[in-house]
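Shared between the two complexes below is chain A, which pairs with chain B and chain C, respectively.
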Partner chain A sequence: MNTPIKSLSLGILLCMGLVLLSWWNLFAWSVVPVTGLDVWHAVTAFDSQVIAQRIVIDLRLPRLLTALLVGAALAAAGTIMQGLTRNPLAAPSVLGVNAGAALGMALVSTLPAFYGAFSTSIAAMLGGGLAWLLVMLLGSAWRMGGNDQGRLVLAGVAISALCAALTKAVVIMEEDQAAGVMTWLAGSLADARWQSWSTFWPVALVGLIGALLLTPALNLLQLGEDNARNLGINLLRSKLLGSLLVLILVGATISTVGSIGFVGLIVPHIARLLMGQDFRLFLPVAMLLGAGLVTLADTLSRAITYPMETPAGAILALIGAPFFIYLVRKRTL
Partner chain B sequence: MSLSAHQLSVGYHGQAIVKDMDLTLPDGRFIALLGPNGCGKSTLLKCFARILPAMSGEARWQGQNLHAYPSKQLSKELALLPQTQPIPEGIKVQDLVAYGRSPYTGFWGKLSQQDHQIVEQMMQQTGTYELKDKLVSELSGGQRQRVWLAMVLAQDTPYLLLDEPTTYMDINHQVELMHQLQRLNKQGKTIITVLHDINQAARYCDHLVVMKEGELKHQGSPDEVLTSAMLKEVFSLNAQIHRDPVAGTPMCVVED
Partner chain C sequence: MNASRFFPLGLALLLILSIANLVFGAVSLSLEQVWQGLSVGSEQHFTVYEYRLPRIFLAILVGAGLALSGALVQGVIRNPLASPDVLGVSHGAGLAAVFYMTYFAGASTDWLPEVALAGGLVAALILWWLCGAQSSAIKLAITGVALAAFWASCIDFLMLTKPLEINNALLWLTGSLWGRGWTQLQALLPWFLLVPVALGLSKYLNLLDLGDDSATSLGVSPQVLRLVSLAIAVALTAACVSICGPIGFLGLVAPHLTRKLVGGRHQALLPATMLTGACLLLAADLAARTIDPPIELPAGILTAIIGAPYFLWLLLRMK
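Moving on, here comes the complex of A and B:
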């Protein structure tokens, strides 16, 4: 089939799927019974006297919107990282950004010395940025030779472990804060409200638009540094811009819903499989798929231990870990 | 329009390989950079291609510092074919060649009708048009080299730099490539290539630059440069100079 027609029909199909999934997410597995029809009424003719409709508008809708945007942001961040490093295993959770951001947030939200020094989003971005810088230096990934791919992932694992250990130490020292930090480390959308949404969406949107604008440069970077430079790409500028976008996307996400892994790793691969290697085509698809995956995980997070909630991050890890192993085996064998 | 070095030193890890070089490459010629291993010919080319920075001195393009020249503008004027190329996954031949048009396309990289024509023309010129729907990763080494050549030709630059383009090629592909470069040169393109084979350089190129230990030793036409004395001095080789029976160009024959 013709590529533009194929892309367009796939895009429409994905959007329709996303709308259905979103609708399901708004009413499924609610402790107070909510029906699909309540959702329809809440959206079209809101009546604040009906409890079910108020649940949809006050609790479910901000949660759904957050899930959609979180998924898109993490998918975009993973795509940029894979593009910049030319490493199929690159993703925020693999290369230490998640763990670093978590440490940054744990520090400002528990330790009195750091308390209020920065906002939690800034702390997440600083922590994530620092961790990533370390990983890139240790894995010598700025030279995109392609031979150091294993080394980069090893550096990511090491720095992630270090950050996780420090985060735990901080949490243990400040016991009264511990429970909150632990839920947040597992990554959950249960606390997403209109208030957190209002600070999250502008930042994430900037990151997503930036990511789309970076795609032509990412395409040329796949030809190797020498060719990219030869074709007029300013390497330093593209890498810095890409890194900054990853930090904005991941930082905003983590400070809103906590550490959610594996979306950034899995989704770009599926999008590539569907759309081919052109970043301009597969990044938008990756965003839609990411939004769908996180929304699905959030829906399931209410179902698995109903009426209790399982963190969505834990569900994604259950799906993501086997996929990661599959990717590693496919590369080396 | 010209490429030149001014007191230029280039190297790795603080060690200069090209030392205080002054050199102006003539416009419109087919130029070979020659010299024994480690003489700095590839290092110099890498500096002209901005893969390596200048340690001291300056490489200049049109009288301006090459390394401060705007990237996008330079990519319309100076193209590079690196010695070893990555094997991009999942990219079709025509898409790779089309990337050669990126300096000219708008920000989003959409090709105009004219861009499409140039891409097709370059594929035809390099004999890769029949491969256009194949994946680059499926091709043989020689085919892939031609596809990369088509890409840098699609860049449509007046200057083209090549780093040992014939090294991994069969002899027939080597000859084919040299003929092609000669044709491009006749069409007005300045070509600067690092070569190993002195006789190949003397036969096809019209300007030779000979380096030794990071310094410029000789430059000029093959007749001026390719002499027994030069081979003795630069390569420590005893050789006679004869005429190539086909092209009439000088060629060296090594003595026992």
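Moving on, here comes the complex of A and C:
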């Protein structure tokens, strides 16, 4: 039912919407007045004497780029997880990867024994990886009927709760480091700067390209494990690759902006609704939608308590949790 | 272990833990100092009488209350994964209380338990409306967890957008017994009049285990019984939450542990569960205060560290 022309026009429409949203994000709700025209001038003919243009280039642009890439990365991670587990409720925040990554970061940034052992992003990947491994091991012990899909989600929730409790304990015990840790636990884009962007984008880009390359294997996996094996797919390799990509994407994101939930849960569903079941088509759309959603949340995060900021992660959780309930309700578990 | 051995052992454990809670802490006291501290005018009077003693009573009451409501919920809906915190009732009560404290900053905190109760009831009704009576154990648990996540994100949102009032709410919300004293104990105590009512129901709860039809033919209305038991569970949870904030997994773990020890007969199970819950929370609070003094961890963190793996184990064993 999806003709190439329809897909193409939808893609173009989404890209245009994203550009408009990005432009809006660059000037909206600034304490120092910035207009849409300032943004245009800053991009085309930058004049470092004009404060509004300096704000756009030095503060807003890295923040916008980070938001876009974070959204794309989380949406891709969610899509891969839903593809690998064939579970519509799977997402990094639901299955414990976010909480595990946060725990890993809390450990390296507060406990003296771990100081400098790894960079924070590696720690986030290791922590998230452990949580994911645990959930996957539990999951593989169960045949994936309707009940077991639900069980996997509950296992993820329990592991999240455990990791969150441990993170809090670590943070409270090392009080002098607590303030910094608490900021990124809430998941905010307010501190995104060119410096963090320069370490974030190469990793995230590798993850995104890898995700796009994985889509044919994800398509085959949807036929069921036996069929996929008959069709010559190396199950273990695709699963390992997919998991690795999830960890790279989520780890890079969390070490840059903190734990942002529910993007990976919501976006793949909307993308699937728009594009049908073919991963090759709906993964790119999911990335665009994710980028848009996080950018929108970031814009709102400045608007809600203007002139203060609300962490974007809190806003996304507020939208995401009802969606999660809706998904649970819709399915026969 | 049968009930006749469980109760003496449990009470002895409770006593030992209480004494340990009086002795250990940021400053460790000797037993003699504790004894002297109970009388007015002693050097240790403030530490022992104003600080540690009410906290012990609170831990016992809150632990017992949460465990009892967990046992009631598990008994009534016959779902091993159910408990007020898994089903989102605790966080619903928490949200109502935080809302009350942020938007009615001048209002009296005396009404906090009632406000929390309203929140808990609304949360329970929403869960009921979303799931209906016929849904599977797993689905009920997931919907409850999702609702709990939603209430929690609303609480986060309120606290992040109203940063000026945050201190009061944050202090209350952590699932900790820190800074609570005799006043809170007085506020909590009347709610425990519900406990005898719950214990009185235990005989009928046993009939419910035989199935709805048998219960009806034995002269018990299953619907009424369910409603009353759940209402008591929600009320007890809300009262505890309004004092300490949500303390996770206690209402889930304590009934399971007790059922293993004394069996499923509610006459023995309900009081035994209260004892287990009290011991668990006392132990958690003791550990929370002594792991890294003078820093205190919220007791809720420790119950989650123990409770979450237990929940996983339950999931693994469930058919």
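Here is the rule we use: the second predicted complex is superposed on the first by the 323 of 333 C-alpha atoms of A that agree within 3 Å, B and C clash if a C-alpha of one lies under 4 Å from a C-alpha of the other, contacts with A are read in each partner's own complex, and residues count from 1 in each chain.
By definition in this document, contacts are C-beta pairs under 8 Å (C-beta built on N, C-alpha and C of every residue); 3 or more make two chains touch, one makes a residue touch a chain.
Just so it is clear, the model here is predicted, and its values are computed rather than measured.
Enquirer: Does chain B (first) or chain C (second) touch A:222, or do both, or does neither?
Expert: In the superposed model, A:222 contacts chain B only, not chain C.
Enquirer: Report for A:280: first if it touches chain B alone, second if chain C alone, otherwise both or neither.
Expert: In the superposition, A:280 contacts chain B only.
Enquirer: One more residue to check, A:31. First (chain B), second (chain C), both or neither?
Expert: neither
Enquirer: Does the superposition put A:158 against chain B (first), chain C (second), both, or neither?
Expert: The answer is second: A:158 touches chain C but not chain B.
Enquirer: Quick check on the superposed pair: does A:232 touch chain B, chain C, both, or neither? Answer first, second, both or neither.
Expert: Touch partner of A:232: chain B, not chain C.
Enquirer: Once the two complexes are aligned on chain A, which partner has more residues of chain A within touching range, chain B or chain C?
Expert: With both complexes superposed on chain A, more residues of chain A are touched by C.
Enquirer: For chain A, what residues appear in both contact lists, the one with chain B and the one with chain C?
Expert: Correct list for chain A: none, the interfaces share no residue.
Enquirer: Which chain B residues qualify as touching chain A in the complex?
Expert: 49-51, 71-72, 74-76, 79-80, 82, 85-86, 88-91, 95-96, 99-100, 102-103, 107-109, 151-152, 155
Enquirer: Can you check the complex and tell me which residues of chain A touch chain B?
Expert: 146, 213, 216, 219-220, 222-227, 229-234, 272, 276-278, 280
Enquirer: Spell out the residues on chain A that touch chain C in their complex, using ranges where they run on.
Expert: Residues 89, 138, 141, 147, 150-151, 153-155, 157-159, 161-162, 164-166, 168-169, 172-173, 175, 186, 304-305, 308, 310-311, 314-315, 317-318, 320-322, 324-325, 328-329, 333 of chain A touch chain C in their complex.
Enquirer: Which residues, counting only chain C, touch chain A once they are in their complex?
Expert: 81, 130, 135-136, 138-139, 141-143, 145-147, 149-150, 153-154, 156-157, 160-161, 163, 248-249, 291-292, 295, 297-298, 300-302, 304-305, 307-309, 311-312, 315-316, 318
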